[in-house]
């Protein structure tokens, strides 16, 4: 941490700041510049409340040097983590494909979709049983019944099941049926939920919140890791910006950035990231090209009759073409599709 | 809802869309323009899945006309709701002042702050016992012990206690001690939590999520109202934008907008909305000037030693001056400070 | 500037960075922390290309300490600048009111509006003669004819004329007629234009670009000041964010922030800042409450027939009420309306 | 256009709106819904001022159906435009590579870079002679001298020269030397400049403004097209969002969106779009994967000594590897690199 003093701050003010830092068990270094004095802090201040120095007399601003996450960091673990569930492999050169409907709607719908996405090359099956919906009047999911149908689809196809858990007291229930638990974007900072999934033994797919910074995203992962669950998959699904022709803005540069900071696999969700089915295929290809560790894509046998997210769901035929194109790119880049 | 067809859509495509709408029990009106055909939908389509029409052949876009919230709407209840807790009154010409530390840190700290903010004119006391923190390594609050100290402060000062609840299974506990339950910005779309507080009998202060649109904010309120709890206070606390000199961007135009759409009171949080103590006082005055129904402000007896949010906490002396200025403005505008 | 090295950077890399800094005529200070080494730079690095150090081997990031603007800074001139044009005064406790139509449309329209806004208390008259329009097919303004009509309105009413200049070769022409030249938001970083108005002797109202940071905004002012024109008025008119219920998001906290950094007066434009006439009056009041130095408001005798920006224009009657409320707030805050 | 009336609007209000629309020479259709009345407008209202209806009594909102751009639209020209300069081809299955330094700094620097990028596969040479810089104290470019050096580099290498023009009175000068004129992001809505380049006979590369919507971007192109210059290249270079780990946020979904709306070629600028050299290579690959029509990339022989944008410039060696990877992807997708 670097504490920058105001131009008119006195020497005493800087020394007072330094004293407060030293009371925290850290060392300081006072640098008197031509126009500004800065207090450089030496030592691990990651777990200290750094912003509060802004309230000290004469302080202009506080610049953090060390990121607060540690377990998620490449500095802690340099080699990439590989996460596996049935035939699905994410990370370390493995590009995993997860596909399926937004919501589980019926036995027929989920089984049909599972068969079709498997045939097209998917190794994971997505499908919401508990659905977070913006409006209380929208379809809220089939709940446990939906979980059972997902398990039945896995039974038949061997696909790994990825499904969302929305509240701590459902974690055990969802664990019974799912292979990977998803934390939705709206719950990225639902800390009780993060701690609850941190205690279970299944991989967790953590979606980035729509206005989360990268540090906040990595710290949300840190909550899970800190409880002992090391299997966290980071999922970039787009951020909220002024763009209105897409549902969210999907920044693929997140992949290279995250991979420079964390050992955890990074997956892209081009369906939520764009919100329109016609934009999804090329963003799937681009996800391979940026060397993400996988994609999670909404596919529905009949999008116009989907109970949720029809606008962004691919038909099985388009999905199949999309995966073919992804495979070609993966091949020339030396990635293994799974 | 208006469904806009693509320029090259055929008549049959438009008719197919119309048929699907009619199957939902709604009427349609086909308007053939010079360049575009649109399908106008007549009837209450609020609870229908409207986006899915985007997946129908030939559809360009879907324009919603009716907002999805209903109980929160002024169209349902025209007169403003007034929410009361002890001497605190919010709404209907009453401007309520809630103040206190970010976190409850000790008996001495909370009692001292309560006395000081009361003397300055506050009628509500804020203070976090359960603290949602970005990092798992930050101070997480005093929990039930903190709730007890808040209740003790109310005992002594008569201030109404406003404190956050973070997870459904804490709702009963927090209800025992608090007068108003706060849902934090990070939990604005934690639907299980919204439903849980919708079942209790205390007023709920719902903070706007950092990337929530107005419709999403009002629909989050709708979740609470829909469970039977009519006492919801909307709290604008700033949105995430590219601005980095403030912690969030605080759009005061939200007040006039929300008041045109909902009967619920609207409160401003200039502390989180700016993140810097030097920007808070003038934004408090501005909150009165835009005729918000109240403010919630962080005040700490010693900001430089606060366990959280020191940078944005006012000292008691600055808070007192701030409230004096607010009072003058309230008076000339005919608002009653409470 | 502080140059932060990567965790795995060698001592040599840090020394190489230090050497490069010293070649620029600056001193350095190497601080070896437990986890990171940082190179602190001592001296005025404001005019150096600081980002390029990111390209040096082993560098993680570069943190700027000194803002690049100097002439605009309070550190250069502590007392607030007051800018005057006829009876209009902005700054130093003077709250100036500028009002008028988006575009000059006809002699009758501009004269009628001028009389009405003057009667309501305005001291400046706005009105576009050269209009920057998003579409090439929209009304582009009356051009020189419009300037003449503005001058005629000043003749009759004594109001100071504020009007936009869009391109360098119009600067002389606009200077002939206008009292204050406006640089529109879209041109905030049109540097040739900034330099051209920097050479004239009229005050310049510089509107913030819709995605400009505060530093960029102040550096745009610096371009003008650097040419010798010291009369720059900073106008906050809203930024582009994900909010769609307003045309832009108007952050009033900009006022206190800018006033802490610059001596230049700060004016608010609540018309463009919200885009909807029903949100304008309360944001005018709030502009007084945050102690801005003035407002610039769109008023049209018949908004529904305006040639541009009808949706955000006040009627003269609403404008009059608005200014009455502003006056009351100004009075209790000790500001002088002008 | 659809004009939505407020719930409490009277029949007369809707009829008054309809009458005003009809006075514009358009037809209307009144649709009385259960809760709302809407006035549907039939006919080409693209060039009408549509927002002003918001000021009519009883109007809630105005929904535009037809986009305002016409010449840029696929509805006007369905087949993709191909733009050619020397060996550089953009559009219609041709993926063009433009590379070079941010600024022309010296004869040696530009010639060396030109040779290196050509060897790596580039067909266009970028390099700024007139540099728009945020600070007036930064290097402003070599101006005409820089243009001459670019022409000399073309002489030697055959690369097409792409360089920025910042103000209308430089258009002729830049046309003398450049093959493609670039309009920078800051000038995307500098309408006099757009009109000036609309009159010249060279292709124009139009960069998206950092806060421009897609409609604004396409309308800026329309300004150029409307002057008679049909050779416009749309360049997505990232938008400003809350993300701070990248300089801008680069939404690659823009490619598929733009291609669905316009016949003009779409090029990606991953250097400005990310701001950090380590994020550029994978975003180049992704640009091919989304089937953009080209990339424009900053390459500098010695980034740590660049006079501008060193942080985001690739070294020639990294650029070479990047283009090799791009070529492989282009090949499997059937695109022709040029």
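Labels for the chains are A, B, C and D, by order of writing; each one numbers its residues from 1.
The rule is simple: a residue touches a chain if its C-beta (ideal position, glycine included) is under 8 Å from a C-beta of that chain, and two chains touch if they have at least 3 such contacts.
For clarity, every value in this text was computed on a predicted model and none was experimentally measured.
Listed candidates were B-D, C-D or A-D; the one reproducing the A-B interface, defined as more than half of contact pairs identical by residue number, is C-D. Seen from the Cα centre of chain B, the chain whose own Cα centre is farthest off is D.
One inter-chain figure worth recording: chain A and chain C are separated by 38 Å, centre to centre, where each centre is the mean of the chain's CA atoms.
Remark: chain C and chain D have CA centroids separated by 26 Å (rounded to whole angstrom).
Remark: chain B and chain C have CA centroids separated by 30 Å (rounded to whole angstrom).
In chain C, 211, 239-242, 244 are the positions where the chain touches two or more neighbouring chains simultaneously.
Taken pairwise by the contact criterion, the protein chains are fully connected, each one touching every other. Within the complex formed with chain A, the chain B residues making contact are 20, 46-47, 49, 51-56, 62, 68-69, 132-139, 166-169, 186-187, 189-193, 209-211, 215-216, 219, 222-223, 226, 239-240, 276-277, 303-311, 313. Those residues of chain B that touch chain D in the shared complex are 2, 4, 7, 29, 31-36, 38, 40, 42-44, 63, 65-66, 75, 240-242, 244. Every residue of chain D that touches chain A in the complex is listed here, in rising order: 211, 213-214, 239, 241-246, 249-253, 255-257, 260, 273-274, 278-279, 282-283, 285-291, 325, 328-329, 331-333.
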